[in-house]
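Next come two complexes built around chain A: one with chain B, the other with chain C.
Here is the complex of A and B:
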C-alpha cells in the first residue's frame, strides 16, 4: 500500500482522538469533519460540561447579566463524535498509540490531538486555599460559585493578582457596588502583558472606579475564623485587610502532568510543537501522529524569530485548532503553518482594551494616536527598530492597520503619519516590562527558546 | 439559540446593539457585552444583527450548526 493510500484510509476510516473538549477541541473536531474526515472521532474532556466559552465568565456572567449556563459554544457543524466528558486523560502510550483515562478505560488512536489547555493556579497554601471564601476563576463551575457568593453581598472582595482576569473581576465587583482591594506584586496592573507605561493607565482606571489598589505588595497569608470562613488577608507591607472573599488570579498552569512519563516534549511551559502543530518528543524529534493546539501548545513563530510562543488567547486556540485539524488529515505538502498574529481583548471599567503582536518582547513604546490621560489611545511597541505590537484603549478600529505593520516588520518608531497625534506621541519611551524572571500572575504571552536573530540561547526561568 | 462574537474582530460599530438590544449591549464606548444564548423569541432580531455586522464577527448556531440530537448526545459521558 502506498503512503498516499494510507492517508486516504485514515481520512475514510481512521480513529482520531481529541483530548481536551474546550473551544480548541471543538473547533478542531468541526474542521476535521468539514474537511472530509469520515472515520471515528472521540472527544475526551475532564469537565462534565459540553464545550463552553470562557471569556464571558469574568464579564457578563460575573456581573449577573447572563446565566452561567448560557455560555455553551455554538456549533459550526455536526461533529458526530463519541463524547467522553467528565473523565480526564491520565496517560499516553506513544508506542501503543493509546490514551489512558481516569476511569480505567483506554482509547486507541491513529492520530491524536492534545488541547488540554490550562487551569487556574491555586493559592499555594493548601489549608488557606480551602477556606470558605477563597476562589479561582477558570471554569464555568468556578464562575457559578463566585457569582453566587458575590450575590450574597460580601463586605469586601480581595483580588490577588492584577492581570487581565483579576482586573476584570475587580471591575465587575465595582460595577456591582462591592468594595474591592486588589493586591499586585508588580508596579501596576497588567504590567506583565502591557508594560509599565500602559500599566499606569490601568492603575488610574482602577483607582478612579474606587478600587483599593495596592501595587508592589504580595499577600503573605489568608486567615479564617473558627468555622473556616475567610476573614482577613495579610500583606507583605505589614498591613491586613478584612475580607470575606478572595479571588486568586495568579495566572495559569498548563495541563501537561498526564504526559509526564509519555516521552512527549511536555512540561510546565506547555507541549512543544513545530509550526505545523506536530508535537515534539523529549528527544526533540517531531512526532507523526500527535498534534497539539491552543493554550497548552508552544510553537515557533516566524514573525518573532521562530521563538516558541505560548499564547493563552481565545483567537489563537481557534486558529491553531483549525490548522492542526487540517494538517492531521493532509499530506505533508498540503500542510499549513500556524502563523497567527497574537491578538486579544479585555473589557474592564467600561474600556475596551485590545492588543496585537507581542508587547512583552518590546523595549520601547510610543503613543501614536490619542492620549494616555484620556484613556483613548493607540500605542505602538518597538523591538530592535521594528514595530512588534500595538495596544488600543477604546480605539479598536485602528488595530488592523497596526497588525499589517507588525506583519511587514515596519520600522519603529513608526514613520507613518497618524490621526490625532499628540505631543506625547513624538518620542518613544521605555516600555517598562518587569524582569521576566520575577514571579508574577504571568503575562498572556510567554516567549522561550532559541532566538536565531540574536544567535544566543535565551532561558526564561520557570515562573512561580 | 446559541451565538458567539469574535471580539478580536469586533470594532464596536454597535449595529448589533441597535438591532437586537436584548442580546447585545455596549459597555462603555466600544466594549460589547452579549448574551451567548438569547431567548428564541429574539431569533429574528439576532439574525438581523449577525447579518448587519460590518466585520462579520457574530456566529449564530442556527446558520448551519448542530442538530439538537447531537447536543443531547454530548451530555453522555
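Here is the complex of A and C:
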C-alpha cells in the first residue's frame, strides 16, 4: 500500500506499528487515537505484561505497600490495538517496511514508532550473575522476585551502584529493617546525576539511616557456596562483605540490538532522531516513516546547545511519545519539536528529590533556598554564567520557577533575593561532577555530540 | 472606567454580586498599579508563576513601611503571624506540624474516614427542612455544616460554636482590604484585635484541657504530638488553630452556597447532577474556577524588584493576586465565562497553588461534593426565590449572605 502524499489515507486506513509497550508506547497509541487515527494499530512488546508504571517498583512495591500487579498504567482512552505481548521484535527491514518478530512472524507498517526503552545492565561476570541471590531491577517481574526475596529476611543486602535506583532500593531495605551495604565507585551517591555537593547530602542521609555506605570502591567479585547461593562479595579495597542478596544497579543498556543491521542510526547510546522524533539512518539522513520516543531516543535540544540528550525520565517518555504520535499523523507544517525541559524525581530515606534541567552540564552550584544540612533546600546549577539546572530536596514546589529561569537562560549566579536564603547560599561553589570518561553507574542524562554544527559523523556499531 | 480605580470598584459593595466584568477589564493590563500603590495581577499565567516564585514573600513584615499602613495590612504586634502569612522555613515547619494529624504522609486517611460523619451531618440538616417550603440556604445549611465539621475535627465542643460565629466573622473581615474613613478603619482593626484576643484566650484554655486529657481530635494531637519537628509552641498552637477555624468557617460556606446558586441558575446542569451524581467531582472543580470562595490573595510582596509581563513590581510593594480573575482568563480556559461542569484540563486557581496551596482543600472538596449531591437529590423542585441574593461585605471571601430557596418536598 503506498500512502505517499496521502496523509488523509494514512490517518484513515494506514497501519501504524509501535515496538515497545511500556509507558511511551501506550501514551503514543492513546495520542494517535485521540488525534483521529482510525487505521490499524499494532503494539509489540517483549514482556508478557500489560503496560505498567516503573517508578513504584523500587519504592512502594519493594516496601510491600503496592502489589506488583497493581502497577498497571491507567488508560487515558481505549486504543483499539492488536496487542502482540511477550514477543520481541528481532529485526527491521526499512526498505520493505517490515518488523520481524521472535516467533517468526512479521508485521508490515506504513509508519513505525520505536519505544523499546532500556534494560538493566546485568552483572558483567555471567557465572556470578547466575548465583541465587543476584538481582537487577527494571521490570515488574524483577520487582516481584526481589520483593519475595526481601520478604524472606536476608541478613544483609548489597546494593552495587548508588545511582537513583540503587539508592531507592537501599532506602526500601532500611525501611524494612534489613541490613544494607552500598558500594559506589564514585565519591558519593547520586554523584553522576547531581554532583559532589549534593552527593554529600545523599551520603549523609544514607549513613544516618544506617546504610553501610562505601564510596570509591567497586565490587570485584561475587562468591557463592556449593549450592550456587550468593554468600560473599569482594571489594576493590580488599575487604569482603557477607551478603545473601546483591542488587546490581549499574545503569541501563539501550534496547537497540534488534536494529543492528537495519541501517538505522541505532547503537549503544540509543537511536538518534531529530527534534520531531524522526529517526536518523546510519548516513545521518532523517527517515520519513520511522519515529522514536522515550528512553531509547536521543534527540537534539535547543536549550542545551543542540546537544543530543538521552533522557531516562518518566516525564520525557510521555511527552516525547505524545509529540512523536502527533508528528506521525501530521503534515510537516503541523509538526512540533520535542523541547521538553528535563525533569525527574526520586523518593528515598523519607526525602523527595526533584530536579529540572541538566545538572551534569554544570560547573558551579549555589544553594538559593534552605540549607544542605537540614536536607531541605533548592540549589541552582550554573554553566558559563547561566542557570542550567536546579535540584530540590523536599522543596519541589519551587522548581517550576527555576524551570522558567533555565528556559529563559537567566544569569548565574542568580541576582535576586529569595525566601529562606541562608548565609551558605551567598556564593556559588564547584558542583563537583566526576570526569564523564570515568564509568560509574549510568547517568540518567547522557550528552553526546552536537548538531547541527557538528560535521563529523561518528557511528558506533553494536559492540560484540 | 480608569484602570487605577479598579481595586476600589472591586471592593465596592455595589459590585459584589458580579465582579467578573471588572476582572475582565483588569485583564486588559495583566499588571496594574492601583491608585493606592497596590499592584494587581489578574491573568492566569502571571498569577500562576508568582504563586511559585521564591522572590515573593507572604510575610507582611517585608512590605515597605510607607505602604503597609495605607493598605490596611498592619498585623497585631502582640500575636505572631499564622503560617498563611509566613515564609519558609517557619511556614514549612508549622504547616508540617499542622498537617501531621490532618493528612499525608502521617495521617493519609483522616479526611477520607470522615465521609460517613459528613453524610450524617448533611442528612440531619436536610431532615430538619421537612415541614418547611423555603429555607435560607446559608443560615440553615451552608454555614452550620462546615462549622460543625471543623469544630469536630479540631475538638471544639458543639455548645461553644455560636460564640465562634461572631469571632470568626470579625476576624475574617480583616482579610478585606481597607475601605471607609480612617476612623472606621481603625475601629475595624480594633474590633479584629479584640476578637483575636478573645478567641485566643478561649482556644488556649481548650488546648490546655486537651493536653491534660487528650481525645481523638486535632487540638489534642497538636498539644500532645511529638515528631521530627518537635512540637508547636503554645502560642503557635493557638494561632494555627485560629487559622484553621476561620478557614473552616468562612470559605466552605461560600463554596456550597455559590454552588447551589450556580446550579439553580443552570437547571440543565442541576438535572444532570441528579441523574449522574458522579458528575459532582468535576463539577466542584468547575465551581472553584467559576465562583471561587477566595477571590484574591491580598498579602504578597516581592523581596526584589521583579518583572511581570513587562512591568517592574518594586521590592516591598503590596501585591494582590486576583485568583478569581485568573481562573476566568480566556487565554487559559476555553469559554472561560461559561460554567461547564465536566470541563477538561481544569487547573483552576480556586485553592491557590504552590507553597500556600489551600491546607483544607481535601476536606473542602469532600464537603462540597456531599452537600451538593444531597441537596439536589433530596429537595424537590428546588428554585431560587431571589436573584441576585444579598452578598456579604467581604470582597475576598465572597459569597451570598443569604440565599432564599423554595422547594415542594423532601425525598428520603
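In the analysis below, the second predicted complex is superposed on the first by the 445 of 464 C-alpha atoms of A that agree within 3 Å, B and C clash if a C-alpha of one lies under 4 Å from a C-alpha of the other, contacts with A are read in each partner's own complex, and residues count from 1 in each chain.
Just so we're on the same page, a residue touches a chain if its C-beta (ideal position, glycine included) is under 8 Å from a C-beta of that chain, and two chains touch if they have at least 3 such contacts.
Here the structure is a predicted model, which is why all the values come from computation and not from measurement.
By the document's definition of touching, of the two partners only chain B reaches A:56; chain C does not. By the touch criterion defined above, A:115 lies against neither chain B nor chain C after alignment on the C-alpha atoms of chain A.
In the overlay built on the shared chain, the residue A:299 is in contact with neither chain B nor chain C.
Applying the stated contact rule after C-alpha superposition, one finds that A:401 touches chain C and leaves chain B untouched. Within the superposed three-chain model, A:419 lies in touch with chain C and out of touch with chain B [touch as defined at top]. Chain A is touched at more residues by one of its partners, and among chain B and chain C that partner is B.
Contacts of A:378 after superposition on the shared chain: chain C is touched, whereas chain B is not. Once the two complexes are overlaid on the shared chain, A:369 sits against chain C while remaining clear of chain B. The interface of chain A with chain B overlaps its interface with chain C at residues 376, 397. Contact residues on chain A toward chain C in their complex (touch as defined above): 368-370, 374, 376, 378, 395, 397-398, 400-401, 404, 415-420.
Chain C meets chain A in the complex at residues 49, 52-57, 87-89, 92, 303-304, 306, 315, 354-355, 357. By the touch rule above, chain A contacts chain B in their complex via residues 48, 50, 53, 55-56, 59-60, 63, 65-66, 69-80, 83-87, 314-315, 343-345, 347, 349-352, 354, 376, 394, 396-397. Of all residues in chain B, only 2-4, 6-8, 10-12, 27-37, 59-61, 64-67, 70-71, 73-77 touch chain A in the complex they form.
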